[in-house]
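Letters A, B, C and D name the chains as they come in the text, with residue numbers starting at 1 for each one.
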């Protein structure tokens, strides 16, 4: 799509640079995982999604870059609608960075190669240029000295920061985080959260599934609570934490904050 | 308890008395090992003694003097010059090369088929996955020997005789005596075509290196595959046509009892290669499936999330990791295939075991020497294979903390 | 916003037959093409098999002539006529009850041993390791208690296949365990000897080992001492599978956590006690699937004994195909299909069993 | 060659070392006769399956010329023709079986050659069947003589003199051919019938026997040429002259019996014969049995329980059998054949 047509598309869907979900449903076989999800994320907005396990929050953000397929409704990312059209999917994936709970670094490549892989093969950058970008982002996540090591040689926290840098190397407009700190030891959580906070402050559009409520409180524009496949509550953090409307939210918050 | 343990306070420390020799672990280990060595030596000695005595008593020839004697028998297929005036030593090599030929062909076909079926088992298409599963479960639960008999005695046996041969495209012929394909006969000027072919290969390597460097420098990619194909095929092709097609074909023709000319491929060889590769493919398929399934889902998702297309994801992320899992068991399957090729003896293909451990042993009657040499050959093959495997494992091992 | 939205049924295209078809067979044009090809393959194979084995098969007859007609499929009367030979070889007919009784004794021992739920494994194992082999030997060979002696040259068919495979694996056990322990020993010579044996045996094809049994082993023995041919094959098969078994058991030993060894040491157990009471019982349980797989391999490989003139199931089928009375164009194929079916049922059954045990082990790991 | 020499030396060294260390290099041979008598059975190596010579029927009873020779030896030595343990051997293992003592006598249509007599540790005792290598083809090929076989494909069994004769014959006649070599006779039979080969070659007697196994025996002919001499006979281990003599004279006794007209049926009446030849054969005169370590009625037992040579021949391969081979050169010398036995006296 040419740039102008994309702008038109953005205007048409009213989601310029952001994400729009419109009546999205998803089933796993007979199991209804996402029920009528309606959500608009504006450019630069930072959303934190929380909820009990099995509530569909991971599925939701995985639908956004088509790691999961939705069956009903509309998902428009950065002005592009997600359909079965492979060109659209590739385009969206290049625009949307994703960080996983289990890091998913490529163990057979060095840190630097992990970072350069997509820029070279997808963005068709030269090696030198890709390396320059990669080192810049490694600097930004504060592990420039690890560039030539392999993922297996790094701690979990370091690996997750590499994963974030790897996503950033594609210069995405939107970043998705799927429980980025759940697999980490407590002392490593902070180093990853610091990077995420820094990123949030730079004005990136972010959707983050996490149970780090302190993080939600400090950076989120809105907090979403999901339960049994639906959005139960959606509010700015102050309101969300101080005055939850739904009983289910209250119950969840009481459990997660008082443990 | 003795009084010393009840002693109050830290008295002067007495160095512990050395335990008696009998209770020292090193001593015991040494004794065990010496016993083992003595036992083994005695065992071998007894065997050697019995053998030498049995042979001497009955005036049976021994030693390797037969190696240079004239064999007096013929071998139906040989990659080296061999006739009944050749020596037993030459028969040894003729058989060995035949085995290596079968092993090489088998490895190629088994790998191709095995990868196709292994990937097929992971197909999202239910039917294809099930079909490939059925293939694996059928073939690997049947004895290989039975499969060879099946191919040779039940399938190839039903081919027509030479006079009713099945005519295949391009001048090839198939009958119960085998498959006959036309043999290329180079004429004058054909060397130029070969040179063009070699140049094409050299140029392709050049293009590949240039394209790689350019991609590193500018990020732009170049259609290497197509260029390479064009260079390797079109260049010699053009030379070939320009020189007036300087290549004749010798077609197989029915003369007397059999087809003469062309390249004959014996039915024994066909049955053996088909049997070995379909059987081994069922094991390779399982290895490939396990290898690809062994790459965590997250790896593929991460690559997808970075925008890599499914082809690139396979090529850059999944396959390099799957190969680490696949190659060691794959190598041992290759070794199995080479060992299994010895079943040739049952369907009359002159492989190493059939020629050397079969005919040579029978003609010379020197079982001990012949079987020792046979084992030596297979041990050499397996040692080379495991040396490769060790080298490979060392080079690809993932670096861990 | 407190109420839960009711679960909706997924759209029809997602579930049920239609959804299943769409997802599994026609998710893309490529897949659709593959599906069509797959259906074509299945149709061709099923069609050919059904015609050959049923529609065009000969069901009754007394000789190969009855199976010789244009388009004739399987020659089943051949199997019917030769069935008892395929099962027992030339074992004298009035004595065949002894073979059947051996099978019954084996089943009595094996079935409870294979079902994990049934208690009394120790008693069972002793039965299988001590009582059964002695009983089977006395029954099959005879020469005692008024049972006529049946020389092994008369044995054949499935009987030989089962005897070679099971004696091969059972005989391989003690040596396999010793080799596995030896390979992990701290004593260098013990280790080298074990490694040497394992690697040499695994490096050579079974057929050369069998040739060795038939033409070399007799020369190894002192003058005047001979061993029955089947026995020689059994010895070599057992030595051969010991090497493979050793590698399987080694895998099990490696999977036992260090802590188990240390705990045993801390309790003051000797090496033999430590291995026999603590380590081996755990390790062997872990490698049951591996042992079963080795057995499957051995079971298939027993067919090689036909090359040295011992008639196992495949050998006796092959031999009977040259029976002039039963000559017909489809006799050969029928024989191979029958032998294949028998082998397949055994091997497939065992591989399913090994899978079942593997799953059970995985489950108990989770707990 | 470098390698061969080295190996040879190494083996020799090894063997010598072992022999020296144990102080003896070859003890006196075991007395096979004592062993057989002690065990009460004769172990006899026979073919795995060759109709007319040695083949088990469906019930496991062995029949054939070679088999009857085993029985005759058992009758002579043990007085009971049923005291035989038949050990089926493949072409490959037959000699080892004899060398190692697994069998006491090898009766397996084995050709007597100098090489086997000298380097395999065997001694052939005589010829119980004069054979020659023949060639069988399909009638439909229209071949009348072996000289027309240039370019043919030939099925042959591995490890036999047949394989060597074949090579010699075609080389001598400057004919091309392709060998296809199998381990067992039934495999050759299958391959030949499938048309894999034009020619099936083995001893002529084997060809006749195998032809019976074919779907349509009439469609195959054995060509007139006999391309080799194949004297088939029993063999024993070298170095036990007593046992050698016994087996050899059982063979001669069967021949002499035929010559003297002693048959299975009339042997009892013959004991009353006044003919000194017959009396000597049947142990009524002289102490020949004692001389070879057997009882006086050794030949009587063999003839009584098995029959004379002619009877054995006719029953198994001759007119009394499906194979129906003419006596030909296997007739007694008195009838123009080659079978000639030294006298018992």
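A few notes on this one:
By definition in this document, a contact is a pair of C-beta atoms (placed from the backbone, for glycine too) under 8 Å apart; a residue touches a chain by one contact, two chains touch by 3 or more.
Only a predicted model underlies this, so the values are computations on that prediction, with no experimental measurement involved.
With chains reduced to the mean position of their C-alpha atoms, the one farthest from subunit B is A.
Looking at C-D and B-D side by side, the one with more C-beta contacts is B-D.
Per-chain CA centroids place subunit C at a distance of 39 Å from subunit D.
Chain geometry summary: the mean Cα position of subunit B and that of subunit D are 42 Å apart. The distance from the centre of subunit A to the centre of subunit D, with each centre set as the mean of the Cα atoms, comes to 87 Å.
Our note on geometry: subunit A versus subunit C, Cα centroid distance of 52 Å, whole angstroms.
Counting partners per residue, subunit B has 51, 53-55, 57, 153, 157-158, 345-346, 361, 367 as the residues that reach two or more other chains. Shared interface positions of subunit C, i.e. residues touching 2 or more other chains, are given as 211, 215-216, 219, 221, 223, 307, 318, 321, 332.
Listed for subunit A are no residues, as none touches two or more other chains. Pairwise, the chains that touch each other are A-B, A-C, B-C, B-D, C-D.
Only residues 64, 85, 90-93, 151, 153-154, 211, 214-216, 218-219, 221, 223-227, 229, 307-309, 318-319, 321-324, 327, 332 of subunit C touch subunit D when the two sit together in their complex. Touching subunit B in their complex are the following residues of subunit C: 24-25, 27, 31, 34-35, 38-39, 41-42, 186-190, 193, 199-200, 202-208, 211-212, 215-216, 219-223, 296, 300-304, 306-307, 314, 318, 321, 329, 332-333, 336, 339-340, 343-344, 347-348, 351.
Those residues of subunit A that touch subunit C in the shared complex are 25, 27, 29-30, 32, 35-36, 71-72, 227-230, 232-233, 245-248. Listing the residues of subunit B that touch subunit A in their complex gives 215-221, 296, 298-299, 301-309, 312, 316-317, 320-321, 324, 398-401.
Residues of subunit C that touch subunit A in their complex: 1-2, 4-5, 7-11, 14-15.
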